[in-house]
């Protein structure tokens, strides 16, 4: 059975190879081939899942060893896979949602002449992402890690003729590279500390070494996670990443890739458990980001950017949970999965809306669309309810647990984190309601002559429906006598947090803030008509529209500064480094020119010089005898 | 004046009528190379007087070639006979040494001269005057340039076939120079090969003003320096009471203790020794063209007819360095610690000076002149080594260098425009595109000068520097390396000019030479490459020849 | 005496050079095919070497040949290969055919191939002097000399070819410039010869200083061993046996003499300025020849000669060299970002990469040096891919300025795609060959000098920056008018690029064949330098999934403290 | 009288000759100065031979005279030819080649 694991990765990889090297002859059938391979790997995933379920809770870890990849001295990296409950979960999410989105894209990208390549890239992404979650050592994980980065680069910049898209793609890749730096340093640290970087040995040996080293490793891993999961301070790329086609946003920048950071931290749980300081950093990042994302989400009028903000914030929740240690890992992953469903659903909904509104993204140009695209409305609505944590839907279960766990952290820390989480919940409710209202309710703000909103074709709606179903029931399903937690426990080691406030209280509080958030939103966007052009807004709003100025900071300090630095260096290289050499050459020439003058052409001057020479010669000889 | 009496007694003693003077005993066999060449020269003069003009050229050419070949054969014979090593001896009443270095250098000189004679005899490069083929020498040297007499001479198709015997005389002198074993012989040999060279310099067919000027400069400075040499000899004679190398060396080494105290003022007086040695050295350094006695080199090289320049640059250097080696290794080893530092200095300024000044030269012949100065510096580095390796490396370097030089100047004779040879560098622009072969050959010579591996230049340079380094002159090597880096710059400049710059519209043409020059150049290239790729055999030769007899 | 395989491998291209040069002027195409054939035969021979080579075998060198050459200089014609040499010979022999193919038309008279750029017609006529035969002959000559310098185990022999290869390179750079010049042929010619002279003088000065050191080495050996020798093996053994004892000062001076030459060739900051000019002015294939093949001799020589001849001095100089390498990495990358000329950008990128190589060499760890060796190979391939595609691009538009391009991706997707892959290899994306080597170098450095290792990782971010900026500016965005009619890659060009990319992928996924032959050689080098890898703080067996507890081991390596 | 004085005289003559070479313009005069230097050498030789009591010096003196004579032949020939072309015997005019 293990041997299927490689197939899992291979299938989409083959698909990608076919589509990218196949050339024009595959243009007509490309999308089908792509989807086929995605579904195939999903099927394999299900098969493996069944196999795992068939085993006892303890031996649900499969290994597949392919070949020794790099072996130099003590440095050894294998091409080997490890499939356990954690990676299984991801596999199902990735392939499942992935397949749905492949299908959805068939419709969404119908009119794009480069659809074949699009599917090639999607397959490439699947392969890389699967490699990421299936690797059995950090270096192989790193390959997947950068692989998804590449795929996201290609997909964000898919519409390359748009300079904005190309720039966004470049930005995403660069910011991720900063994160990757963290990952590679972490791996080096592991190697110098443990002499290996395979999950098994490293995680088993954490007890053997100093906390300081572990903290260092942890922080580096966190940096990597920040880059990939768009956490503060490396979150700036996610907003621009919305330049990509919407299915991409749904798959990569909502459901799967951006959650890789959560996977990394959860996977490295043993390290973090042994390094409390690193954990503090993690929760801090999580808390900050969940608020940051939420606030940004409130201010955006671009539906996708609003959703992107929400994604940021939701992942903030996951990171926060992961930072809490054993009490949180399971919930982090659980929220990750449910989020995978409803956020993908929301994005697909948004995509379908844009599809109907000829690619208009400004919510201020929407309004009252529910009648025009009912399916989209309903699926989007369900996703909405799920994300705000409406009782009974997925979000309710997963998010609630995280808030509880946050309180359970204990001490003032617990109160702060819990508070932040609650506040985040409130804001989430607010901005999602805002999105909902601005898009589907209120009066039409679009020009009826130019735009004719219409429901999307089945090939697009069906995936949306499936995801909606998922976002409604997944949470509940998982929570029934802690199925999900139990499933993950062998990997992530679970323990019940002891919250200072009872679970019911937390739930109640969540409900309250939820109502507050919705109510406020309704008060602002439901009762009053939404102005078609954005009002100036408060200082905070304006800041939020500009991603809380963090991006501007980057621009001024890094981009501008960098430009100046390089320009100076180019100048110095020419004038100083090169100049030094040319200078010596020139001075040589000058010296030569001056010495030439001695050759005056007059015999008598020559004679004089000879005489002088003779004198010097004699003097020197005598001198030598003298000394 | 306490010593007056004793001095007077000396006087009376000296005044006694000497007994019968013994007839000198001459080993003709061992002197045969020199004798053959000089004899041929004399015959050459007779040829000039006897034969009709028309047939002189061929007669002279044949005569000199045969003579040189025969002389070379004689040298080989002597070497084979072991005179180079085991049977090495002093010949002609102590006047001439027949030993390894002498034979090696004589062999080199003879070969070089043979090749040079080919270039002398080239008659295809200059456009035929009035249907008569002409070489690169004046129709009638005595006639005023541009005067009626010259016109007539040219019309009559006169050619200065005297150059052959004159050159032979010079060669004869050069053969004696490195083997001279007493100072008198040294001086005489010097003059014997200098005077003909002075004349040869004045014989250019084109640009005769420059040619004559070169001759004047060379003559005056040459005579000036030889006066110094002679005075140095006088002082050494005064110091040692003899002019034979062995005698002087003896006095130098054991400080002349057994000398009559009456003469303490002069005999064994170190001042005499040092000043005399310095002056003699100066005379030789002048011939070598070492800074600061190099002033004549660029002017003379530029003005003299190019074949002569090549001959001088190659053969003179060989002979002069030979003499220098013998002087330093046979006469003055006793005062090594005095002259080594001085020669260090000379070597350094010569290497650097030659290289640096060459950078800004604009005339190819002057450029080569300065490069020859720089090379003199490199060779001096080997001379200073004062070891057997030093001698053999210098011998090898001389052999390698002389052929490269000869070849280079031979190529220079080919590049011509209306005014004869086009020696200004700007004229050479784009030569590589007009006639790639000639340019490539010249590039080979330049690379050899620059000491690029796989050329004779590199092998020679390595040998010399190696000897220097082993004798503890490490820093000299470093400076030598630096200056050869500087030198590389201007050799490369010429290559760039030839290959990478656009040819001028009024650029020079490359004349098609007769087999003579072709062979000369071919031999040059061949030697350059052979000594670069497989130098071992010749290094062995030089190594075996690396011992002086005293 | 078995068949002299190494000599043959070098002789074939040498003969090929002569043969090609001898082809009559009219038969231009014949010359090309001839050159290609010879280069392919060479490649075949290189493969034979690779297979005949036994990684585990005893003794540092294999397939050795040894003949007397210049006794007086203590020089022998000694050839022999270790794993490192095999890898690099294979690289060289592999790249040359592609170089020839890529430069197929670079040396044609302009009349025939109407160059896309409208350089003044007059310029074209004057520039019609481009003997194709010479071009390919020179390339083969370079190949022969490079291969010999990889094979030579005699310092002097190495030096000779190290120096001699400058001449053909010089003519390649100065004689066959890039036709893409905005300011007309006149200025291009001057810039070209400037670049050529700069290249030659830099390397010649380096070489001459090395010559002094070589002579010094001879003096020392002659002084202590009786007869001077240049045989690397002999010297190393003599040192080990304590028969040869260079004084500390002498050793350091000699080391510096050698290292200077190699640092110029490599090139290492601040001796790098010749490279951008040379690569900028030369045709793309020649640029590849410079950076992918010839420069490798420098780094290779550091590994083979600097370290093994002067272990003490190497250890002494390590800190300084590491800092310089670090500067090269960051500096080169930053300047690459600042370039406006595609080829100069790639040149500066190469400077950054050479920084990595030198870093790896002097980190003195197994990972570092194996990584460095792999890096030489991978960088060769990746740069070749990138530079050659760039060359195709430039030859289409007739300009080297990044600003003159835009939106190429739309009109020539295949070209853009290959360009991107080359770029990704340059920024060492995992899955492509350069990643393996770069990571090894970083780990190797980090495990001994953590701080330097961390700073070096900055390089990977900057690499992403200059590659992506280049790609964005040239390939994406709205289609420029001049680009609109640009044809996609032709078959010949695909034949050049595809194999390189395939190789990059293969070596990225499965570098084992390479590491297997390289590791023993590196082990030998380190044993000569007498350095051991730092031990990890915790000892755990690296069996995948083997989750067993390890025992703590104290840090044994003092270096690790630094 | 002490022969050393002859040496001083020789040195003096030699110096005078050298100075003449440096000072005088006329080629003939310069040349005569060189001859003077040679003769100074001769004086030195003779003196030394006198002091050493052997004849080498005197013989050398004869050789020197011969050589000097030869030099005169060559030298005058050259100088005359250049005089005829330039109608001046000033050595300073012969300075076409320089630098």
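A, B, C and D label the chains in the order they appear, each numbered from 1.
The rule is simple: contacts are C-beta pairs under 8 Å (C-beta built on N, C-alpha and C of every residue); 3 or more make two chains touch, one makes a residue touch a chain.
Remember, it's a predicted structure, so these values are computed and weren't measured experimentally.
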{"item": "Winner on C-beta contact pairs when A-D is weighed against A-B", "value": "A-B"}
{"item": "Central chain (distance from its CA mean to the mean of all protein CA atoms)", "value": "C"}
{"item": "From chain B, the most remote chain by mean C-alpha position", "value": "A"}
{"item": "Interchain centroid distance [CA atoms averaged], chain C/chain D, Å", "value": "66"}
{"item": "Rounded Å distance between chain A and chain D, as computed from the means of their C-alpha atoms", "value": "97"}
{"item": "Length of the line joining the C-alpha centres of chain A and chain B, rounded to whole Å", "value": "81"}
{"item": "Rounded Å distance, chain A centre to chain C centre (Cα mean)", "value": "36"}
{"item": "Touching two or more other chains - residues of chain A", "value": "596, 599, 601, 603, 607"}
{"item": "Residues of chain B engaged with two or more neighbouring chains", "value": "216-217, 220, 224, 228, 298-299, 489"}
{"item": "Interchain contacts (touch definition) - all pairs", "value": "A-B, A-C, A-D, B-C, B-D"}
{"item": "Residues of chain D that touch chain B when the two form their complex", "value": "1-4, 7, 10, 14, 17-18, 21, 27, 30-31, 34, 37-38, 40-41, 44-45, 47-57, 59-60, 63-64, 67, 70-71, 74-75, 77-79, 81-82, 84-86, 91, 94-98"}
{"item": "Residue ranges of chain B in contact with chain A within the complex", "value": "216-217, 220-221, 224-225, 228, 270-271, 274-275, 277-279, 281-282, 286, 291-293, 295-296, 298-299, 335, 337-339, 341-342, 345-346, 353, 356-360, 486, 489"}
{"item": "Complex contact set, residues of chain B against chain C", "value": "392, 433, 436, 447, 450, 452-454, 458-459, 462-463, 465-466, 469-470, 474, 477-478, 481-482, 484-485, 488-489, 492-493, 496, 499-502, 534-536, 539-540, 543"}
{"item": "Contacting residues of chain A [partner chain C, same complex]", "value": "20, 61, 63, 65, 67-76, 78-80, 82, 136-137, 139, 142-143, 145-147, 150, 153, 157, 160-161, 163, 165-167, 170, 173-174, 177-178, 180-181, 184-185, 187-189, 191-196, 198-205, 207-210, 213, 562, 565-567, 569-570, 573, 577-578, 580-581"}
{"item": "Contact footprint of chain B on chain A as seen in their complex", "value": "585, 588-589, 591-593, 595-596, 598-599, 601, 603, 606-607, 609-610, 612-614, 616-618, 620-622, 624-625"}
